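Letters A, B, C, D, E and F mark the chains in the order given here, with residues in each chain numbered from 1 onward.
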Amino acid sequence: MQDPVHLHFADADTPYEDARYVIFGVPYDGTTSFRPGTRFGPRAIREFSFNFEAYDPAAGIELFDVPVTDLGDLMVSRLPEAVVDGVADFVRGIVRDGKVPVMFGGEHTVTVGAVRAVGPEVYVVCDAHLDLRDELDGTPYSHGCVTRRVLETVEDVVIIGARSGDREQFEIAAERTHLYTADVVRERGIATILGEVLDMIEGRRVYLSIDADAIDCCLTPGLGTPEPFGMTPLDLREVVRTLGPHTAGFDYVEVAPFDAGQTAAVAALLVRQFIVRHWIGRC
Amino acid sequence: MQDPVHLHFADADTPYEDARYVIFGVPYDGTTSFRPGTRFGPRAIREFSFNFEAYDPAAGIELFDVPVTDLGDLMVSRLPEAVVDGVADFVRGIVRDGKVPVMFGGEHTVTVGAVRAVGPEVYVVCDAHLDLRDELDGTPYSHGCVTRRVLETVEDVVIIGARSGDREQFEIAAERTHLYTADVVRERGIATILGEVLDMIEGRRVYLSIDADAIDCCLTPGLGTPEPFGMTPLDLREVVRTLGPHTAGFDYVEVAPFDAGQTAAVAALLVRQFIVRHWIGRC
Amino acid sequence: MQDPVHLHFADADTPYEDARYVIFGVPYDGTTSFRPGTRFGPRAIREFSFNFEAYDPAAGIELFDVPVTDLGDLMVSRLPEAVVDGVADFVRGIVRDGKVPVMFGGEHTVTVGAVRAVGPEVYVVCDAHLDLRDELDGTPYSHGCVTRRVLETVEDVVIIGARSGDREQFEIAAERTHLYTADVVRERGIATILGEVLDMIEGRRVYLSIDADAIDCCLTPGLGTPEPFGMTPLDLREVVRTLGPHTAGFDYVEVAPFDAGQTAAVAALLVRQFIVRHWIGRC
Amino acid sequence: MQDPVHLHFADADTPYEDARYVIFGVPYDGTTSFRPGTRFGPRAIREFSFNFEAYDPAAGIELFDVPVTDLGDLMVSRLPEAVVDGVADFVRGIVRDGKVPVMFGGEHTVTVGAVRAVGPEVYVVCDAHLDLRDELDGTPYSHGCVTRRVLETVEDVVIIGARSGDREQFEIAAERTHLYTADVVRERGIATILGEVLDMIEGRRVYLSIDADAIDCCLTPGLGTPEPFGMTPLDLREVVRTLGPHTAGFDYVEVAPFDAGQTAAVAALLVRQFIVRHWIGRC
Amino acid sequence: MQDPVHLHFADADTPYEDARYVIFGVPYDGTTSFRPGTRFGPRAIREFSFNFEAYDPAAGIELFDVPVTDLGDLMVSRLPEAVVDGVADFVRGIVRDGKVPVMFGGEHTVTVGAVRAVGPEVYVVCDAHLDLRDELDGTPYSHGCVTRRVLETVEDVVIIGARSGDREQFEIAAERTHLYTADVVRERGIATILGEVLDMIEGRRVYLSIDADAIDCCLTPGLGTPEPFGMTPLDLREVVRTLGPHTAGFDYVEVAPFDAGQTAAVAALLVRQFIVRHWIGRC
Amino acid sequence: MQDPVHLHFADADTPYEDARYVIFGVPYDGTTSFRPGTRFGPRAIREFSFNFEAYDPAAGIELFDVPVTDLGDLMVSRLPEAVVDGVADFVRGIVRDGKVPVMFGGEHTVTVGAVRAVGPEVYVVCDAHLDLRDELDGTPYSHGCVTRRVLETVEDVVIIGARSGDREQFEIAAERTHLYTADVVRERGIATILGEVLDMIEGRRVYLSIDADAIDCCLTPGLGTPEPFGMTPLDLREVVRTLGPHTAGFDYVEVAPFDAGQTAAVAALLVRQFIVRHWIGRC
C-alpha cells in the first residue's frame, strides 16, 4: 500500500523526538481591528509550502535533509489572554525539549506567548506597525500591543520596517527601542542596518518575529492591516538570512490569504529560509 | 447645492427624535469559531438596502413614510463580555426613548446585550444552532451560548429551524425550550408552527432574533457557520410577518458576505418586512 | 492542420446565410443602478455553453443539427438611446433576412431595440421588476423603463415573476398589463398561468424576453439587481418550452457573472431550450 | 504540553489499526473538461468537517465514538490510467484489512480504481452525467467514462439524478442500467425510487458513489461541470441514509470549491451521514 | 448612550460649517470601456481610511486635528453630461463657501465638473492614459476625453505617468501639454520633474487630479483600465507632498476595488497626505 | 447592418492567408502540479488585449496595421503526449505557410510541440523554474520537463530568471545551458545579459518562450506555480524588445487568471510588443 501524502508543511515529516525545528500554527484572530482572516494563515502557508522545490540553491541544501516536524494547529480560546497563556505553555514544552519553535500566526498577539516561553534577551521584529499601545479595544493582549508587552521582558527591542503608530507610540519607540522605519530601510539599505543590529546583539539570545505586513501591501496584499510604502520581500530575505542563525525562536504572523497567494508564498519561502540558514549556522 | 446621498440604510433618514425604529450595527465577530466575517454584515445589509424599491406591494406602504433612523455602527471592545455590556447600555437608551431597536450583527453574541436591555418575556429565535452551551472557547459570552444566556432571563424560549448542537444541548432544548427543528418546519409547515407560537405568546413582550444561518446554506451561503438542510427565505418571511407586530426588539445577525450578495439581500428585505409589518400593526 | 476550437456559443457554427437562429451579445450596462457587470453576461453565457452536451434528451435533438450562428458582440455607444438605436438597426437586418434573433444582454435596456425591430403584437417578459418607470436617472432608455417603452408599441404585455416596483408601476401594471407576480406563480403554478397566456396570445406574433433576475437570487445570484422570493429555473424552463415555439424574437438579459457560474449555466441551457423547442415547433 | 489540533477530517483520529472507516483524498483533476479545481475537493471537505457539531441528532450518535481514520491524500501521477491503478492498489490494502474505504475526489475518474478494489456486485451512482462514454479526450479513463468502465465489472448499475449525456449514452443507459433521471426523481419522489433500488439489490455487495453534481448547481455550485435542474441535498441525504448500511465502499467526488462553501458543507455532512448510518446498521 | 461609529471617511467629522476640506464621492462609472466597478471606489476608500492610524509621523500631525468633513456620495444621473453638470454645481457650492473639495471617483469623467467649478489656471493630472480624445463611444464626456475637455478651459496642463493613447492623442499631448510619460519619470526621477512643474506653475491656481491607474497595475491592480509599466506609489506620494500645498481642488478617481484592497489603501493614504500637506502649507 | 465586435485578440483580424503572425491558444493544464487554471490563460489574454490602445508609442505603430490573425483555441486531448503531438502538427502548418506562430498557454508543456515544429537552433526561455526534470508525475511531457525535452533538439538553451529546481536540475543547467538566475539578472542588469545572449545567438534561428512565472509573483500573482524573488515586467519587456526581431516562434504560457488581471494585462502587452518589434525588425 502506497503512503498517502501528508497534510503538513512540506518535508516537515521528522518524528517530534528527532526534530530540531518544531512548526505549529495558532489560527487566532480575535482582536483583529480592520479585517479578520489571519486564522487562515497557517493553512495557507502549509499549502504554499508544496509549491516549492525542496532544494535551496543558495544554501545547497535539500529541506528534507533538515530535521523538521509540524505539529498542526493549536487553538485554546477566543480570549486573547488565554491564547497567550496557551501559546506560552505549548512553546515551553518545545524549548524544554531543546528544539526551536517555528510558529505561524494568526494575529501578532500570539508572539507574546512565544517570547515569554523562549525568554530572549533581544527581540527583533519586522512590522509595519509599532504595536506599542498599552491597551487596545479593552485588552492589553491585542495585536496593537505586542511590542509593548515584549518590551517589558527583554533587554533590547529592534523594530524594522515600521511606518504606522500614534504619536505616543513613536515617542516610546524613539526612547526605548531601536527603530528603523521603512523609509530609513529604503534610504540606508537593509544590509547596513542589519550590520548595526548584529553589532548590537553581541551574541545575545534573539527572538525574531516577522509580521507579514512589514512588506509593502502592494507586493503582498494578503494582510489584516495592509500598509503601503513598506519593505520588499528581498529585504525580508536578507533579514532572515542574516539574523536567522542567531535566533532561538521564530514566528511568521498576520498572513490573511485574501490575495492570489503571493503573501503565503513569500511566507512559506521565508520560513524555509529561516530553517535552512539556522541549520547551516548551527553548532 | 444638491444633497449628497447618505451612507445609511436606505430611507432610514428620519431624525432620531422623530424615529420609531432605530437601526444600528455591531460589527463584532471575535468569538466566531469557523470563519470570521460577520463584522462586515452591517455594511453589506446597508449596501443591499439600496437594491430595493421603497414600496412594499404586499403591505401597500412606502418605506420612506415610516419613521426610521440609522445610527451607524457601535464598536466598543474585542472582549465578548464588554461587547455585550456595551450593546446593553446602548439599547437601554433606545428603549428608554420609547423606540424599537433594530440591530444588525455581527455574530449572535450581540443579541445577549440587546435582550438584556429590552427585557422580553418571550424570546423567539430562528437559528440553525441551539446556541445552548454554557461556555465555549473560554467564555460564557460566545456565539455558541446565546440562547443559554437568554434562557436565564426570560419566561419562554422558542427555537425555530435548529439542526445542530451536541447531545447536552438537545436535552436542554427538549426540557426548557419550545424547539421546532428545521425537519419539523419542513414536515408541519411554518404557518402551523407560527399559530402555536402565537398562542403560546399570549400577548407577552417578545424579542425576535434572526440568525441568518437558520436559512439553508445552499440558498444563502454568506454565513460564518453554514448549515444545509435548513429553512427557506419564504419561511423566514412568514415568521417576520406573523411575529413582527408583536415584537419589542429585533435583530438580524450572522450575515458574513462571502457570497454574491444573496444573504445580505434576503436580510435587507426581511429587516424592511419587520419594520413595515410592525408599523402597520402598531396602535 | 487541425481546426482550432471556436470562441462562439457551442455548436453555433452554421454560416450566417444558412442559419435560422442568430445569436449575438450586447455587452452594455451603462444605466445599471445597483451593481454593474451585465456587460460580462454574453461572455459568461458563451463559456458555459461549452459545459453542456449537445444532446437534448427531452427533445431528442443534437444542437449541432440545428442551424445556429453566433455573430459575436455588438457595442455601439455608452449612451442608452444610441445603444437602443444600434440594436434596432442590427436586429432589423436579421429579421429582414428571415432569421430569429437570439440576443444576450447586457442590461435589459437592449430589449427595447430588439422589440422595435421585431415588431411583435404580444410581449412576454419574465422579470423580478416591473420596469414600468417612464424615466430613471435622467433617461427614458433605462433598465427600469424597458416594459414601459415596449408597452407603447405592442398590443399586449405579459409580466411573469415580478415582485418589485414602486406604487405607480404596480398601478400601471394592474391597468395595462397581464401581471403574474412571483407569489402568484407559486400559488397557482406556472403551467396554469402559461395556459392562460397561450389562450390570450391567440396565434399573434410574440417577443419573449427573459430578465435573469426573474429567478430567485438565492438560486441564481449572478445578477445586477438581485431579488429574493422569485421564480425557479424549472418555472423558466416551462415558460421557454411552452412559449418558445410561438416566438419571433428572444433575448436573455441581466446575467452578471458574480457567482460560481450557476446563473450563466441556467442561461446557456435555457437559450438552448428556446432554440431547440422553436426548431421542433417550426413550420 | 497541550495537544495541537489535527489537520484531518474532524473526529477521524482513530489509529488505522482500530479504525473501521478509512478516509483518504485523491486530489486529481487531470481529465476535467470544463473547469478544473476538484483537486481542492478533499481539502475543502476536511475544512468544512470542522464546521459541524460531532453529534448527529437524528442518529443519536457522537461521531467521535465511531472508529474513523483519515490517511491524508494520495497522489500518484498526472496520467489517468496510472491514477486509477494507484487508487486500486491503495484501496485493496484497506479492503484486505477489513475496513470500509471512504474516498474524497478529485474528479470522478478515481472511482474506477476504488470499484475495482472493492469488487461490488451492484454500483449505485448519483450523478448529473451518464459518464457512459467509451473514451473522451484521448483516454478511456476520463471523468466522462466512469460508469462505462464500472459497467464492465459489475452485475447491476443504478444511476440516479442524471440529466446530461449524448444520444448514444442515453441508449446505453436505457439498455444496460437502471436509470432514474433527475426529472423522474422529482416526479416520483426519492423514497419510492430507493425502495425499488433496495429491492433490486437483494442483499448484494454495493458500492455507492456520489458525484457532487447530482445536486442542482443552483444549490451547490462548487462543481467542475455544473448542471441545473438536478436533485436536492435532501434527496441525497435520503440516498445515503437508505443505502449507506448496505454499502461496502463509498466515495464523494467532484467538489470544486469555487463557491462560498456550501458544496463542501453538504459533502462533509453527507460523508458523516454515510459513516454514522453504516456504523448503526453494522453487524 | 454611547456614540455609534460613523460611516464616513475616518476622522472626517467636523461639521460642514467649520470644515476646510470637503470630502464627497461620485459613484459614477457609466462610460467605462473595459470593466466597470469604479462606482465602488468611494466606498472602498472610506473603508480603508479606517485601516490607518490618525497620526502622520512625517508631518507630525493627527488627522483629527484637521477640519475635514465627508458629505457622502453624490449621484445625479446615468448620462455623462448630466453627471458632469451635477458635479460642477455641487463643487461650486463648496468653493463658494471657501472650502477645498476632495472628490472620490467614480470614473475620471467626474473631474471635468470639478475643474469647471474650481476654475484653476494649471491642471496637473497623474494618469496612465492621455484622455485626450475629443469623443469616445458617442459622448464628449467620456473617461477617455477628460484631459481634452479640461484643456479647453485652463492655461497649462501637466500630464505625469502617461503611457497609453492613440497616435493623435500623443501628437496633441506633445503640442499642447507638458507630458512626462511613465518611462520619463523612471529615467529622470519624480523629484526632478516636480521641480520643473513647480517652476512652471509660478504660484498660479492648481487643480490636482489623481487617476489611480497612473500607478503600475502590478502594484495596484484595482482599476477599470489597468496598465503595466507605470509609476510607483512612492512617486505619487512625492507628487501629493510637493504639489498638495499649491492646490485649490483635488480628486482621486478610478479606484475599482477588484483586488485585495491595496489600491484603496494607497488611495486613502494619499488622500490623507493631500489634506495634511495642504493644511500644513496653508496661510 | 453593423459589424459585431469579434471575440479574438484585439486587432488580430487579418484573414489567415494575408497574416504574418498567427495567434492561437492551447487551453491545456493537465499536468499542473500546484494549482490548475492556466487553461483560462488564452481567454484572459484575449480579454485584456481589448484594454489597450492599438497604438504603440515607443514603436510608432498601430497594431491594426500589422497583419495578425487569431485562430482561436486548439484542444486535442487530456494526455500530455497527445497534446504535444497535436500542437506540433498544428504549428507545422503555420510554419509551412511562412507565418510566425504566437501561442498562448495553457501550461508550459505545449511549448515542446511548438519548438518541435519550428525547429530552432537556439531556445531562449524566461522561467522561474529550470523545467529540467526528465520525468514528473509519470510522464516525460510534464510542465516540469519542458526545457529538458527542448534541450534534446536544439544547439543552445538560454534560461533567464530561474530560481527553482532540484539539485540535479541545477547541475544540468550549469553544464548544458546558459543560465541567468533571477538573482543574476538583478545584479548584472537585463541589458548586459541580453547583450551576451545576442552575441551567443550569432544570427541563428531562435524560439522565445515566456513562462509568465519568470516575473516575481508579488507583481503578477496569476500563476500556476508562483515564485517570489523574480524578474520585473520591465525586464521582460527588454527581453521581448531585444530578442523579438530574431525570433521564429514565440509563446506566452502559464497565465492562470486568479488575480485582478495584472498577469494577463502584462501578457497581452508583451505579446503585442513581440509582434510589433518583430514586424519593425523584419526584412
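Rule of thumb we're sticking to: a residue touches a chain if its C-beta (ideal position, glycine included) is under 8 Å from a C-beta of that chain, and two chains touch if they have at least 3 such contacts.
In UniProt terms, the chains line up like this: A, B, C, D, E, F = Agmatinase.
What you see is a predicted model, and the numbers here were worked out from it, not measured in a lab.
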item	value
Intersection of contact partners for chain C and chain F	D, E
Intersection of contact partners for chain B and chain F	A, C, D, E
Chain whose mean Cα position lies farthest from chain F	B
Angle of rotation relating chain A to chain C [CA atoms, steps of 5 degrees]	180
CA centroid of chain D to CA centroid of chain E, Å	55
CA centroid of chain A to CA centroid of chain F, Å	37
Contacts with two or more other chains, residues of chain F listed in rising order	35, 76, 219, 259
Chain contact graph, described as a line, ring, star, complete graph or other shape	other
Chains that touch, pairwise	A-B, A-D, A-E, A-F, B-C, B-D, B-E, C-D, C-E, C-F, D-F, E-F
List of chain F residues in touch with chain E within their complex	50-55, 57-58, 60, 62, 219-220, 233-234, 237, 259-262, 265-266, 269
Residues on chain F engaged by chain C in the complex (per definition of touch)	1-2, 4-8, 24, 43, 46-47, 71-76, 86, 89-90, 92-94
Chain D partner contacts - residues on chain B that touch it in the complex	34-35, 163-167, 170, 181, 183, 216-219, 221-222, 225-229, 258-259
Touching residues on chain D, where the partner in the complex is chain F	29-33, 35-37, 39-40, 76-80, 82, 136-139, 142
